[in-house]
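Each of the next two complexes has chain A plus one more chain, namely chain B in the first and chain C in the second.
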Partner chain A sequence: MSEKGIANKLLLLPSSLVIGAFVIVPCALVLLASLASISDSEGWVFALDLSNFARFFSWFYIERALFSIGLCMMVVVISLLLAYPFAYFLSGFSAKVKNIWLIYILAQLTLSEVLIAFSWQILLSRKSGLSNILVSLGLFDKPFAMTPSATGVLLGLVYLVIPFMILLLYPAFSRMDKSLVEAARTLGASPLRSFFTVVVPTTKSAIISSSVTVFVLTLGAVIVPQVLGAPKHWTLSVLIMDQAVFNSNVPFASALAVVLLLLSGGVIGTIFFLGKGKTA
Partner chain B sequence: MTGLVISGITKKFGNFTAVNNIDLHFNKGEMICFLGPSGCGKTTLLRMIAGLEEPTNGSISFDDSDLTRVPVHERSIGMVFQSFALFPHLSVGENISYALKIRGYSRSDCEDRARVLLDKVHLPGIEDRRISQLSGGQRQRVAIARALALDPKIFLLDEPMSALDANLREAMQIELRQLQQELGITTVVVTHDQTEAMTMADQIVVMGNARVLQTGAPTDIYKNPANKEVASFLGTSNLLPAKVTSDTTVETAGHSFGVASIGGFSKGDEVLLMSRPEDVTVSVDEQETADNWVSGTVTFIRDIGAIIEILVDCGGHEVISVITPKDCPDVSVGKTVSVQIPKSACHVLAN
Partner chain C sequence: MTFLRRIYLALFAVYLLGPIFVIAAVSFNAKKFLAFPPRGFSFRWYVEIFAAEEWLTSLTASLTIALSSATLSVVIALPIAYVVWSRNLRYAKALLSLGIAPFILPPVIMALAFLLMFSSIGMYGWAINVVIAHAVFLLALPLVTISLGLESVDKELVEASRTMGATGWTVFKTVIFPIAAPFAFAGFAFCFVISLNEYIIALMTVGFTVETLPIKIFNALRYGYSPVIASIAVMFLVINVIVFSLIAKFSNLPRILGAQE
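Presenting the complex of A and B:
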C-alpha cells in the first residue's frame, strides 16, 4: 500500500473507534441483555434464553408493534404532504426571505420533545385548549378534551417532525435546476402538471431518504406518545422505556428493542427496495 | 402584420428597467439573434416572447394573434435553455416526447416522433440512454429535438452554445442554421458571441442597456455600424478621435481623411473615425502624397497563423491592421510605418 493509502486508512480510525465504541458495543450489549432473564435471587442470568422473545409474541405486544409502525408511517405521510410543497416554495423565495424562514424553522429544533408534548397537552385540553376556540366559533356546544387520544399523539408527533422534514427536503429543491420547471412549461405543461411530472420525480431520492429518517425519528419518540396518549396509544418505544425504567426488567426491554430494530430495519429496507429504479 | 411583432415592450423589476420600450418586427421563418453584453436585456426580452416573464408594458404578437397575456404552456413555442434543462429522471426518448406524452399521445406515437427527431439532429438510436450518459454536444442536440417535438411556431434559444467546447461551437452554429433553414421556423437566439450572430442570423438586434442599438442583416451592421457601441461589439474596430473639417473630410492625428459619409455632423464636431482592420493597409514606404494616411510606430505583431494583426500607435491611438501572411509587409516592432485607410472604409460615428 502506498504511503497515501496508509494515511487514508489511518484517518478512518478515529471515527471508526467512535462508531465502534458508541454504536456497535451498545447494540451488542442490548442483544446480549435480551438473551438474559431475571431471576429473583441473582438479578440477571446470562444464558441463550429466548423467553423474552417468546413473551413478545403475544397479541398485546404484536399489536403494539403494528400500531407503532402504522402510526409512524402516518406521521411520515402527513408531514411529507405538508413539508414538501412548503420546501418547494421556500426554495423559490429571495435570499433574504429564505434565510428568515430557515432560521425560524431551525429554531423549532431547539424545542425539546418534552416542551412540545406538554404544550400540546395544554393546547388539546378541555379547559384552555383549542376546543374553546371551536366553541366560540359556534361549531361545538361545549369545550372538550382532545387528549389523551391517538389523534393527539399524531398531532404532537407531526408537529415534532415537520421542521426535520422541511430541512431534509430543502437541499434537494435548492440543488434542482430551476429551468427544469420552465422547460416543462414551454413544452405545454401547466404549473400543476410540471410539478408532478418534473419536480416530484427529480426529488424522488430526497423524498425517500427524508421519509426514512423521519420514520426512524418518530419511532424513537417516547415523551409525546406517553403525555398525549393513554396507555393503549403508547408506541413500542414507550413500552421499552416503561419496562426498563419502571419495571426494572432490562432484559425484556432489550428484547423489545431488538424487535423494534428488526422491524424498522425491515420497513426501511422495503422502502429503499421499492424506491429503487430510474432515479436521477 | 404577419411574423413576430414586438411593440413598446418594457420590463421593470422594481426600480430596475431591464427592457426599455422596444419595437421590433421580424418575418416568419427568419433567424434572429439578440446580441449584446451581459445585462443588456436580451435574455429578458427572449423570456417575454416565451411567456416566462410578463411585460410591464407593451405587447407581443405572432401572425396577428396577441400573445401578451397567453400563459407559457399555451403558446406554441419550443425553447432551448442555457443549461439545456433536460429532465434527469427520463430517458432521451422520453425527454423528447415529453410534450406529446402530456398531451395524451400514444406510446407508439411518442416513440416514432422521438426517432424522427433524433435522426434530424443526427443522433440516431440513443432513445434509451440516460441523460447523465450524454456529452455536452449530445445534450444540446437532445434539447433541440425536445423543443421541436410539436413543430412549434417560434423556436427560442438562450445562449445555446455557451455550455459547449469552443471547437464544437462553430460546427454547431452551422448545423443549427442549416436545421433552421430546413424547417423554416421563426427562430430567436440570444448570444453575446458576435461570431455566432454573424454565422447564423438573418437579422441581428444589437442591444445595450435595455435598448436596441441597431437592427439589420449581419454584413450591413458590420459595414455600417450606427454608433461606437455597435462598432466595438460587432467585430474589431479602429476608433480614432477626429474633428469634422468639411462635408467630406475629418482631421485626425494631424492628417486629413476623406470619409464615405459625414452623416449628420457639422464642421467642428468632435467625432470618431471608425474603420475595420481588414481595410487598413500598413506599409513601410512613405505615403506623403497619398490621401487618407497617417504615420505611426508598430507596437505589436500578432501572428495567429491564418492572419497577422499589426498594432500601430498613431499619435497616441491604436490602429489595428489585419492582413494575410502572404501579403504582409516587412515590419517589426518599433518600426515607423504608414497606415492608409481608404475613403470607402472610413465611417464617422458619434463620440
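Presenting the complex of A and C:
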C-alpha cells in the first residue's frame, strides 16, 4: 500500500510542480506587486506600499468599478431573459437537432472576442449597419453610426455571453422532470402559467449560478468595450490591461487586479452563501 | 403557444446567426472596402490569408501554440484526474481545485500573473510562455472532461481484471484508457479551440514578440477595416464547428456539457 502511495505521489509530481510554479507563484506575485512601490530607476520594487490601492479609491476608479458592475448586471439580466426560453426549448429538441444546435452554440461561444467585436463593429457602423434597416423601415431619416457608445458595448457583450448563458442553463432543463409540466397542464394550467409556476421555480438554483458565472465572465471582457466603446465605457479589465501593457505600471495594474479578484470572488461567494442558506 | 414559440425560436435564430451571416457575406465581397450587401463575389480574401505572409505567419503561430498547449494541458490534467478517481486522495482533490481555479477568474488576472511571473524569471517574451500559460489557464477543461470520462468506468470491471492478474499498467491500457480516451480528446479539443481564439493572455505573455491571429486581428482593427478579418472569422467558425462535430461524434456532447440524458 505504501508503495502505491509513493507511486501516486510520483505520478502527481510533475503536475504539482506545474501548478505550483504557474498558478500559485504567479498569483502570489500579483499580490506582492500590488503592494510594490514605483521607483524611477528600477521601474518598481517590492515594498509594503498601499499607495496603489489609495489611487484606486479616487472617484475616477470607483466610478469605473461601479460602471463595470452596473454594465455586467445589465448584460446578465438581458442575456438571461433572451436565453432562458431557448435553453428550455433546446432540452426538448430531438437528439439530432439538439446536437446540431449544441455544436453551433459551442462554435460561437469559442469564437474569439476579437471577432465578435469586429462583427458588431460592422453591424453598428453607419455604412452597412443596422441603422440602414431602421431607415428603410422609415424610423430614421439617414443612417448613423451606433459606435462608440454604451449601447454598442452592451449589445456586443450580450451577444458574447448568450452562448454561455444557454449552455449553463441547459443541464438544469435536461434534468428537470418534464412530467411536472404535464401534470400542471392536465390540472388545467395554461402553458404560460405552468412555465412560470413550475419550470421557473424548479430551475431557480441554475438561474442563480448561471447568472453569477456570466457576471464574472462579462467582467473579464477586454476587447468589446475597447472596440465598441469610448474610453469612458472601459471596464476594470480593460483598465488593468491598459495599465500593465501600455502604461507599464505593473503595481497599479496588480492592485486593480486584486480589486477585480475580490469583486468577482465576493459576488461568487455571496450568491452561493445565500443560496446555501436557503436550501439548508 | 406553439405560434409564440415558433416566432421566438425564429427570432432567436436570426439573432444568433445574423451577425455571422453578415460577416460571411462581407468576406465574399469583391471590393476592398466594407460593403453590405456585398458587391460582387470573390474568394480573394480567403486566398489572401494564405498568400499574404503576415497572415500566414500568424495562422501558423496560432495553430502551433494551440496544438502544443492543448497537448500539455491534457498531460498535466491526466494524472490528477486519474488519482482523484482511483484513490480519492485529498491532496489530489486540492490539485484539481487549484487547476480549475484559473479558468473561473477573469482572464486578465491570470494574464497579469503570467506576465509578472515570466518577466521576473527573465523569460519575458519567450514564445514558450504562451504555450505554458494557455495550458495552465485551460487546465480546467481536460480536468473536468477526463474526470467525467473516468466516472463512467465501471470500478468492478477494474477489480475483475486485477483479480485475474492484470498489472496496473495493463488495466489502464485495456480497461480505463479506451473508456476515458474520448473524454480526454474532448478536453484536448476544447483547449485547442479556446487557445486558438484567446487574446488577452497571449497578448500579455508574448504580445510583443509573437503575433498570434487574435492579436494580429486586433492590431489590424485599430488601423481600420480589412476584409481579410471577415474571411478569418468565417474560417475560425468553420474550424470550431468541425472540432465540436468531432467531439459530438466520438463522445457524448450533452453529457460533457453536464446534461442528463
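Everything below uses one rule, namely that the second predicted complex is superposed on the first by the 247 of 280 C-alpha atoms of A that agree within 3 Å, B and C clash if a C-alpha of one lies under 4 Å from a C-alpha of the other, contacts with A are read in each partner's own complex, and residues count from 1 in each chain.
As a working rule, a contact is a pair of C-beta atoms (placed from the backbone, for glycine too) under 8 Å apart; a residue touches a chain by one contact, two chains touch by 3 or more.
All values reported here derive from a predicted model rather than from experimental measurement.
Of the two partner chains placed by superposition, only chain B is touched by A:Thr186; chain C is not.
When both complexes are overlaid on chain A, the residue A:Phe67 reaches neither chain B nor chain C.
Looking at the shared chain after the overlay, A:Val18 reaches chain C, while chain B stays out of its contact range.
In the superposed model, more residues of chain A are touched by C than by the other of chain B and chain C. When both complexes are overlaid on chain A, the residue A:Pro201 reaches chain B alone and has no touch with chain C. Once chain A of one complex is fitted onto chain A of the other, the partner contacts of A:Phe144 are absent, as it touches neither chain B nor chain C.
Judged by the touch definition given at the top, the superposed model places A:Asp177 against chain B, while chain C stays out of reach. Within the superposed three-chain model, A:Phe53 lies out of touch with both chain B and chain C [touch as defined at top]. Shared interface residues of chain A (contacting chain B in one complex, chain C in the other): 190-191.
Looking at the complex, you find that chain C touches chain A at residues 1, 5, 8-9, 12, 15-16, 18-20, 22-23, 26, 34-36, 76-77, 79-80, 82-83, 87, 89, 91-92, 95, 98-99, 101-102, 104-117, 120, 132-133, 135-136, 139, 190, 193-194, 196-200, 203-204, 207, 213-214, 217-218, 221, 229-230, 232-233, 236-237, 240-241, 244-245, 248, 253-254, 257-261.
Of all the residues in chain B, the ones that touch chain A in their complex are 50-52, 72-75, 77-79, 81-83, 85-91, 98-99, 102-103, 130, 146-147, 149-150, 156. Only residues 177, 179-180, 182-191, 193-194, 197-198, 201-202, 204, 278-280 of chain A touch chain B when the two sit together in their complex. The touching residues of chain A, when paired with chain C in their complex, are 8, 11-12, 14-16, 18-19, 22-27, 29-30, 33, 82, 85-86, 89, 91, 98-99, 102-108, 110-123, 125, 127-128, 159, 162, 167, 170-171, 174-175, 190-192, 216-217, 219-220, 222-223, 227, 237, 240-241, 244-245, 250, 253-254, 257, 260-261, 264, 268.
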